[in-house]
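Please find the structures below.
Both of the next two complexes hold subunit A, though its partner changes from subunit B to subunit C.
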Partner chain A sequence: MQRTRLVASILLLAAMAISIWRVETAPQPVPLAPTLTRQTEYCLTCHSELAEISPSHPIETFGCVICHGGERLALDADLAHSSLRGGRNPSDFSVVQESCGGEDCHSGSAAQARDHIPRVLRSIQATYAGAIANMRYTFGAQEDLSARMGIFAIQDPNPTSSSVPGLSAFDPSQETHPSLIAFSQNCLSCHLSSEPLPGKEYARLTGCAACHTPTAGTDLEQPLHRLTTAIPYTQCNTCHNRGNYELRSMHFQARSDQPTNRLDDYYQPIAQFVRCEWTLDCIDCHTRQEAMGDGHIYSSQKEAEYVRCYTCHGTLDELPLTRTISDPNDLALRLAFVNPQFDLQVGDTIIITDRGEPLWNTRRLPDGSYELLAKASGQRFTFRAVKGSACQQSAEQQESSYCHACHAVER
Partner chain B sequence: MRPSFFHHLHPPTIPARQARLRYTWGAGGFSVFLLLAVIFSGLLEVFFYVPTPEQAPLSIQSLTFLIPYGGFVRNLHYWSAQLLVLAAGLHLVRVIFTGAYAPPRRFNYLLGIGLFVALLLLDFTGYILRWDQDVQWALVTGTNLLKSIPGIGQWLYALVTGGDRLGAVTLIRFYGWHIFGLMLPAVIIGVWHLFRVRRDGGIAVPPPAQRQDAERINRTELVRREALAALFGAAGLVFLAAFFPAPLAAPIGEPDAAKQAALAPWFFLWVQQMLRWGDPFLFGVLIPVGWLALLALLPYFTPAPSAVELGRWFPPSGRAAQLIFSALAVTVLVFSLWAWLAAA
Partner chain C sequence: MPAMPSSDNLPTTPVNRRDFLALATRGVLALNGLLGVGMLLRFLSHPPAPSSANEVDLGPASNFPIGSQTVMAQANLVLLHTEAGFQALSLECPHLGCLLNPEPGGFSCPCHGSRFDSSGALLRGPASKNLKPLSIEQNHEGHLIVRY
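Now for the complex of A and B:
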């Protein structure tokens, strides 16, 4: 009996010692009370090594939960992550409004240029309306090329004369033509809600992070905690230089190689390029409204894209449109602030597009030439306007093919 | 020694043969020990739990992860509560299979059944207090079952949930029932149950003249054994609390939306299984309550075991009760296993 009592006592003491040891050796909770939420969260207990996602989202201000969701008090990984928004990607369009939205964040007013989410949801990259309309028209499912369907249903309360008021969700089960069924099965892998094809060359996330998280060439299994507006062309390539569609069999012909030489490895062999088209990044010329939409729903990429060579270079008769920044709250300054490589100041004169969008990475120099900062690579270029040069191009013929006639590089 | 309250609980001597672990399993004593553990740990939790839908799951997370030893105390509460249901169930098995429900113990048997039901409801209300996604199915289904009762269903639902939908009032009612409305009767019936054991002549044994073994142990020896069992019990409980954390999930978003593919708490898995077969009133209310009534009335309609066969396992004169109980117990076990396998 005495011996049994000793065993029982030792067992109890051992169990208590183990309990105390487990509690005392557990990681010390690391609290963080972000100024935006004022609600203490303990994610940093495990994630202290994670790099801050961007200078625009400082951790002391945002913390983690405001974007990612999750259980802010839980120190058990499964529980803490059980209510994450969009898994590891809170910018996926299924949850983007909750994660990134908000009047002062990315679903505010158009006047304040904080309407990123409503714009991008109507953009051609998100709706894929152009491809769907083209295919449905080609195979007789609709009478013209005007978009009727998108990846998801979406409305525009204020359509323009050139845009469409709304799209219904493209439903492959309602299509009868075999090519359209094949299209829906094989060709819907590069809109902003689709998961990428397997392979490092296609590595991108979905939603905002598809472009703003530079995952190109990385292993998606290793999460990358970064958001940037300095998007390199390689990120665009995860969709825009992956291969081509075989229109007869409606299959995607993936590239077998990973492009290394920008000039020679573009997927359309007949395409022509001038120097700036293969030395700059896509976003150095293409504006936010072109890539992320202007809030209206268009039927094709052609209607969404409008920047031409003349936007920066002008024509024989006209210098490029410019604007001298006088307002310290000018959108251009806000955009430049996010990419601090370019110290744009009040008083600087920048190039603007036909629609008034600022090319904030440009500046007119005192000698009349212009300077451009490549947003992603940080390279600086200077260039001159066409006006006063030996160019003989008429002002009416400004499509890039006319410029390519003389300026395309051999490849 | 001057007599004290303690002497009311322990007789001066008890028969040695019936004081053995292989006879009692110590299940009743363990139940008392676990009840004390569950009350003590629960009292500590009361200082941290915030009974509102928004704060309840967060306060539990805070207790579990941030309050020093809070997780340990919660685990203790959880495990002592689960083991209490198990120990009380085993005690019931022992009582049935040793014929200890026979007169004059029939009323104490009823008290015991009442206590067992109170324990199940305490466990269920405690489970709901988590107010997280894993309890959502049981919360929605359990309260909706009340609605299925003809006539008084709506009234019962409003009584339990505090309105026509689940929300803050529901949670505070479950909280009230858990820490007060069920706890107080459980303690009172528990003490009454213990008191009645001695009142009804102590542990069930044959009349003195018919006992084969006249040996008895005194109360000092009994307490020594109880203390030893409590030591082992405490070690086991602390060990469980250290290594097996009590379950927890993300907070409930929309309380009225029933989550599919969720498991009921383990002690109601058998009801969940029956609910898959159709009519909620029949399978969720009528049959469980019918079985409970059958169980409670066993001593009243089955032949009483003869006095000479008491104090040992499986008295032949108690066969009817043993068979009916076995059938019920096996059915409940099989249905529970079925529900668990179906979910897995």
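Now for the complex of A and C:
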């Protein structure tokens, strides 16, 4: 009995000594009380060297925990990180609503253009609905090409005549055709919830960060703490233009080269491209609704993509659609603000798309020509409308192949 | 006077095992107690988590003449003195709380581009409200006290 008491008291002493040692060796906490939450957090004790993620998310305002989660007062790394949302990536779609959502943040109203999260979750880059529908139709699992399934189940409460009202989750275990089973095993690596293929050329995160955190050609193990709307084409190419899926074996055939010259190396050798297609970045022409969805669910990329050559250049009969900014709350000004290389002002006339989306990086110049700012590179280009030029294109011939006939660059 | 016995000759009382264990247990428990008291004192003396002050003394009201507009960056506010009296406005953007930058004719948000005129009225979103007025009063010493 006496011996048991001694052993117990020694164990108690050891526990107290360990506790004191841990307290004494713990770092001195660095407090931060961000203005948005007013709750003290100690994350900067270890993470003071981390670069600010973007000018729109200053740490004094947001802190860390509102986006990342975690135990805000913990000084032990394991404990502090024990409740992180999405691990290192709080924009992963499994947690994006908690991390990035909110009425004043990224899941507000469509009228305020703050519905980024509901839009992107219905976008074809997130649902992968087009590829799934195509494969299921090809191998007899469904009767037409209309999308029925996505990477996850999703609904659209206000579908249009050209969109689908909802998708159920694609469940490979319910498929019987060997090619569909192989498709589910080998070909689901190019949507916004999938982990990338191994290799620096595929390096990207998931969710919002797949596009907004530039990682192309980098080591994903490095600290990554950046969000930007100036997304270079190289980031798009972590998924796009990397090879093809071979439909007989249902395996991805990666391109064997590592292209560096965009005109000569990057694209398929038989295709033709005009100058703006290989000098600009993808986001200079393709709009936010094309990339992140317009809130509706579509069956194919063709239904989601709609910007054409004439959007900027017009036709023989029509100048491009434009809008002169008169409202200081115009969406174009808000979008331009987060890319301060382009000083858009009330009174400027910008090009708009068929659906009224502002191409905020364009401006009509006093001589009737137009200016475009490349969002990622900062380069400025001027161009003229087709109307009044020597172009002989007919009004019905607006597909890019007709433009390529005369304007494709030799290579 | 009897001679002191040498240490070699001191009478020895054999310590049996039971007594030794009891003595050792008491010693270890005493050490535990000391450490426990030390930890308790350390805990009680630990400074509380810092919290932002809920009021700030802006100094004598006479420092701010009528017509003045004074940005108090440390307090995240702008003090206006008009014919109607003193008014303090928060310089935290009512959209998400970013600290506004003074600019000619008003204030602008460096995060998302909201703008306000010099009286705090909203000129441009994404904020949807004017700058928040703060409670301000003059104490018996003539100092302006702002409460958040």
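One rule holds for everything that comes next: the second predicted complex is superposed on the first by the 384 of 411 C-alpha atoms of A that agree within 3 Å, B and C clash if a C-alpha of one lies under 4 Å from a C-alpha of the other, contacts with A are read in each partner's own complex, and residues count from 1 in each chain.
Quick note on the criterion: contacts are C-beta pairs under 8 Å (C-beta built on N, C-alpha and C of every residue); 3 or more make two chains touch, one makes a residue touch a chain.
Small disclaimer: the values here were computed from a predicted structure and weren't measured.
Once the two complexes are laid over each other on the shared chain, residue contacts for A:74 go to subunit B alone; subunit C is not touched.
Legend: residue contacts after superposition of the two complexes on their common chain; A:38 is shown touching subunit C, with no touch to subunit B. Contacts of A:248 after superposition: neither subunit B nor subunit C is touched.
Of the two partner chains placed by superposition, only subunit C is touched by A:2; subunit B is not.
When the two complexes are overlaid on their common chain A, residue A:57 makes contact with subunit C while staying clear of subunit B.
More residues of subunit A lie in contact with C than with the other chain of the pair subunit B and subunit C. When both complexes are overlaid on chain A, the residue A:334 reaches subunit C alone and has no touch with subunit B. By the document's definition of touching, of the two partners only subunit C reaches A:105; subunit B does not.
Residues 5, 9, 12, 16, 19, 23, 73 of subunit A touch subunit B in one complex and subunit C in the other.
Chain contact summary for the complex, subunit A toward subunit C: residues 2-3, 5-6, 9-10, 12-13, 16-17, 19-20, 23, 31, 33-36, 38, 40, 55-58, 60-62, 73, 104-105, 112, 114, 328-329, 333-334, 337-338.
Contact residues on subunit A toward subunit B in their complex (touch as defined above): 1, 4-5, 8-9, 11-12, 14-16, 18-19, 22-23, 29, 42, 71, 73-76, 79, 82-83. Interface residues of subunit B, counted against subunit A in their complex, comprise 58, 61-62, 64-66, 68-69, 71-72, 133, 224, 228, 231-232, 234-236, 238-239, 241-243, 245, 248-251. If you check the complex, the residues on subunit C that touch subunit A are 18, 21-22, 24-25, 28-29, 31-32, 35-36, 39, 42, 49-52, 76, 92, 95-99, 110-113, 115, 123-126.
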